[in-house]
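Every chain is named by a letter (A, B and C) in the order it is written, and numbering of its residues begins at 1.
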Amino acid sequence: MILDWNSVWSNLGMLVDGLGVTVQISILSFLGALPLSLVAALSRRSRWIPIRLVAATYVEIFRNTPALVQMFFIFFALPSFGIRLDAIVAGVVALALNIGAYMSEAMRAGIQSVPNGQIEAAASLGLNGRQTFTRVVFPQALRNVYPAIVNLLVATILASSLLSTIAVPELTGTATVINSRTLRTFEVFAVVTVMYVVLTNTASSLLDLLGRFFLPKERYA
Amino acid sequence: MTELEGDRAGSNGANRDIVVVSHVYKKFGATAVLRDVSMRVCTGEVVVIIGPSGSGKSTLLRSVNGLERIDAGEIWVDGIPVHRRKNLRQVRTRLGMIFQQFNLFPHLTALDNLTLAPNLVLKHSRTEANEEAMALLDRVGLKDKARAYPGQLSGGQQQRVAIARALAMKPAVMLFDEVTSALDPELVGEVLNVMRGLARDGMTMVVVTHEMAFARDVADRVVFMDAGVFVEEGPPGTIFTSPADPRTKQFLRRVLEK
Amino acid sequence: MDWPVVWESRGILLHGFAVTLELSAIAIVGGGIVGLVVAVIRFARVPVVGPILRVYINIGRGTPLLMQLFFIFFGFPYFGINIDAFAAAVIALVAYTGAYVAEIVRSGLESVHRGQRDAALSLGLSFPQMMRRVVIPQAGIVALPPLVGLFIGVIKDTSLTTIIGYNELMNVSQSIVARAPNAIFTVYVVLAALYFIVCYPLSLLASRLERRALVGQQR
C-alpha cells in the first residue's frame, strides 16, 4: 500500500476553494458574533430585569446545547414557520448565535474584571456613566478579554466544519467529497489537517500580533 | 589523595568541613554571577554572607543545594559531589533550606507540611512523623497552630513553620536565603530568635541576610560578597568594626546608616 | 406541537440519551487520563517524546472534531483495520479531548509557583513525589473550572458522531424526524432540552468552581 499524493494535488484547487469558503464563513460568523455578544453582555448587566432575562436565556440556551442541533434547527425546523434560509446563511447565523453566546460570557467577565476602584476614580474626577464606560472601563475590559476573543476566532474556524453536514462546500466537506472520489483517504485528510493547523495557527498568531500592537500591556513606572 | 579527595572521604572527626565550595563559576546568560568562589564550612559553624543585591549570594546558596547548576568548579556536601548532579536527593536530605518566600505548601496544614517529607523520603511512619513534628512545632513556638493552614498564619509564623519543616528532616546543615526580607519589621524578631536558638544548639548554618545585628551576635564568620566574588571574610568583630577592603567599608556604611 | 410523536418515541429517545451519556463518560475519562499523562510528560521536559506530543496537541486542538472523526472513520479501513462507528467515535473523542485536557493541565501546572517546587526538592522529594503531593493538588484547583467547561463541551460534541452513523441521541432524533417530518420542531425542542438539563447544571458548577479558584489565588 503506497501513498499516492497525485490524486490530492490534482484536486488542490477544489481544496483551496473549500478553504476559501471556510474562511468566509468564519469571518462572517465572527463579525456577527461580536456586536451580538457585546449587546448580550451589557444586557445581562442591565438594571431592567426583562432585558437581563432575555439575554440570560439566549446565552444559556446557546451555550448548553450542541451547535449541530442549533444549526439543524435553523436549517430544518424553521421552514415549518416559513423561514427558509440557504444552507450557508443558516450555517453562518447558527454559528454567530453560538459563538456569540460564549463571547458574551467572555465579555461579561472582562468588564467585571475591571476593578471598582477605576469606576470610583472616574466618578471622583467628574466623568459620567457613558464616559466612564467608554474611556475607562471598556479599554481595560478589552485588554482583559482579548486572549479569549482570539481563542473564540479559532473556535469559529473549527466550528465552520459543521456546515459540511448541510452540504456547504467548506474545507471538511470538500475533503469528504474528494475522499469518496479518489478513495485516497489518508492523503486527502493529511493535507486538510495541515491546512487547518496552518489556518488556525496563522489566525491566532496574527491576532496576537495585532493585539500586542494596538493593546500594549500597561507599563508601570 | 588530593585535599579535595580527603574531604570526600568525609573524615571521622566531629569537626570536619561539611560543605566545600571550590572555584565555582556560574553565568546567567552573558552575566557572570559567581566568579571563582571558594568556601569551606565546618560542622557547628555559623557563616553569615552579606552583600548588595545581585552579588550572587542567593545563587551560591541555591547552587549548594543543586537548585542551580554551576558552570565550573566543585561543590561537596558531607562528602557527596553536588556538581556531578547524580545524588541530589541524598544531598538534599543533608541540607535544609529556608526561602525568602517561605514556600509552605498551601494545601496542607502546618503539621502536614512538616510530616510530608519524613514520611515520603525518610519512610517514617505516620505516628512517628506526627510526634516529631509536634515537638518541632513546639520548639518554634507554634504547637497550637498545628492544624492551621499557611493562609491562616502570619508571615513570621509561616517562616517559623518553614524552619520546623526543614528541621524535621534532621539536616546536617541549614541554608537560610534572606529569610526575613519579606517579613513586616515587627515579625522579623521572632524568626531571628528561632535562628539564634538553632545556632546555640550547635546547628551548622549558612545564612544570607541583611540583618547586621544578627550577624554580629551569632556569626562565627562573616563573608562580604560583591559582584560574584568573596571580597573579604573574617570574624564579625573584625569585619564590622575594622573592615580591610574599601568595598566592604562602603557597603557597611550604606547599610548601617539605615 | 406534536407531543404525541415524541411521547411515543420516549423509549428510544431515552435510550439514545443513555448512549450519549455513556459515550461522553468514556471520552471524558479516556481523554482525561491521556491529557494528564501528556501534560506531565511535557511539564517534565522529556526530550523527543515531549515535542512529538506538542505536535499531537497542535493537531488535536487545531483541527475540527468532525474532520478528525472522518479521518479516523475512513482512515482506519484505508490501512486495513475495520472499525465501526462506536470505535471511531471513541478514538476520535478521546484523542480530541486529550489534547485539550493536556493544554488546560499544563497551564494549571505552570501556575504553581516555582518556589513550591524548590521547597519540595529541597526537602528531598523525588520528581514523582513532588508532582503527586505538591504540584498537581495545587494545579488541580486552577485547572478544574476550565476542565468542567471542556467536559460540558464533550457531552455536546458527541452529537457529531451521528454523522458517522453512531446511534446516540442526535441520531435517534433524526430517525424520529425521518418517520414523522411534521414533528420536527417538537423533536428538536425536546432534543435540545435533553442536552440542556445535563449541561446547564454542570455549567453552574463550573462557575462556582471558578469563583472558588479565584479566591484561592489571592495570596
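What we mean here is this: a contact is a pair of C-beta atoms (placed from the backbone, for glycine too) under 8 Å apart; a residue touches a chain by one contact, two chains touch by 3 or more.
Quick caveat, the model's predicted, so the values are computed rather than measured.
K.L.:
Which chain is most central here if centres come from C-alpha coordinates alone?
P.N.:
Chain C is the most central one.
K.L.:
Per the definition at the top, count C-beta pairs in contact and tell me whether B-C or A-C has more.
P.N.:
Result: the pair with more contacts is A-C.
K.L.:
Quick one: report the Å distance separating chain A from chain B, using the average Cα coordinate of each chain.
P.N.:
Taking the average C-alpha coordinate of chain A and of chain B, the gap between them is 54 Å.
K.L.:
In whole angstrom, what separates the CA-based centres of chain B and chain C?
P.N.:
46
K.L.:
With chain centres defined as C-alpha means, what is the inter-centre distance between chain A and chain C in Å?
P.N.:
Chain centres of chain A and chain C, defined by C-alpha means, are spaced 20 Å apart.
K.L.:
Which stretch or stretches of chain C touch chain A in the complex?
P.N.:
Residues in contact with chain A: 58-59, 62-67, 70-71, 74-75, 77-80, 152, 156-157, 159-160, 162-163, 170, 177, 182, 184-185, 188, 191-192, 195-196, 199-200, 203.
K.L.:
Going by the contact rule set out above, which residues of chain C touch chain B in the complex?
P.N.:
Residue list for chain C touching chain B: 113, 115-116, 118-126, 129, 133-134, 137-138, 141, 219.
K.L.:
With touch defined as at the start, can you tell me which chain A residues reach chain C in the complex?
P.N.:
Contacts found on chain A: 1, 60-61, 63-70, 72-73, 76-77, 80-81, 154, 158-162, 164-165, 171-172, 175-176, 179, 183, 185-186, 189, 192-193, 196-197, 200-201.
K.L.:
In the complex of these two chains, what residues of chain B are touching chain C?
P.N.:
62, 65-67, 88-89, 92-93, 95-97, 99, 101, 103-107, 116-117, 120-121, 151, 162, 165-166, 169
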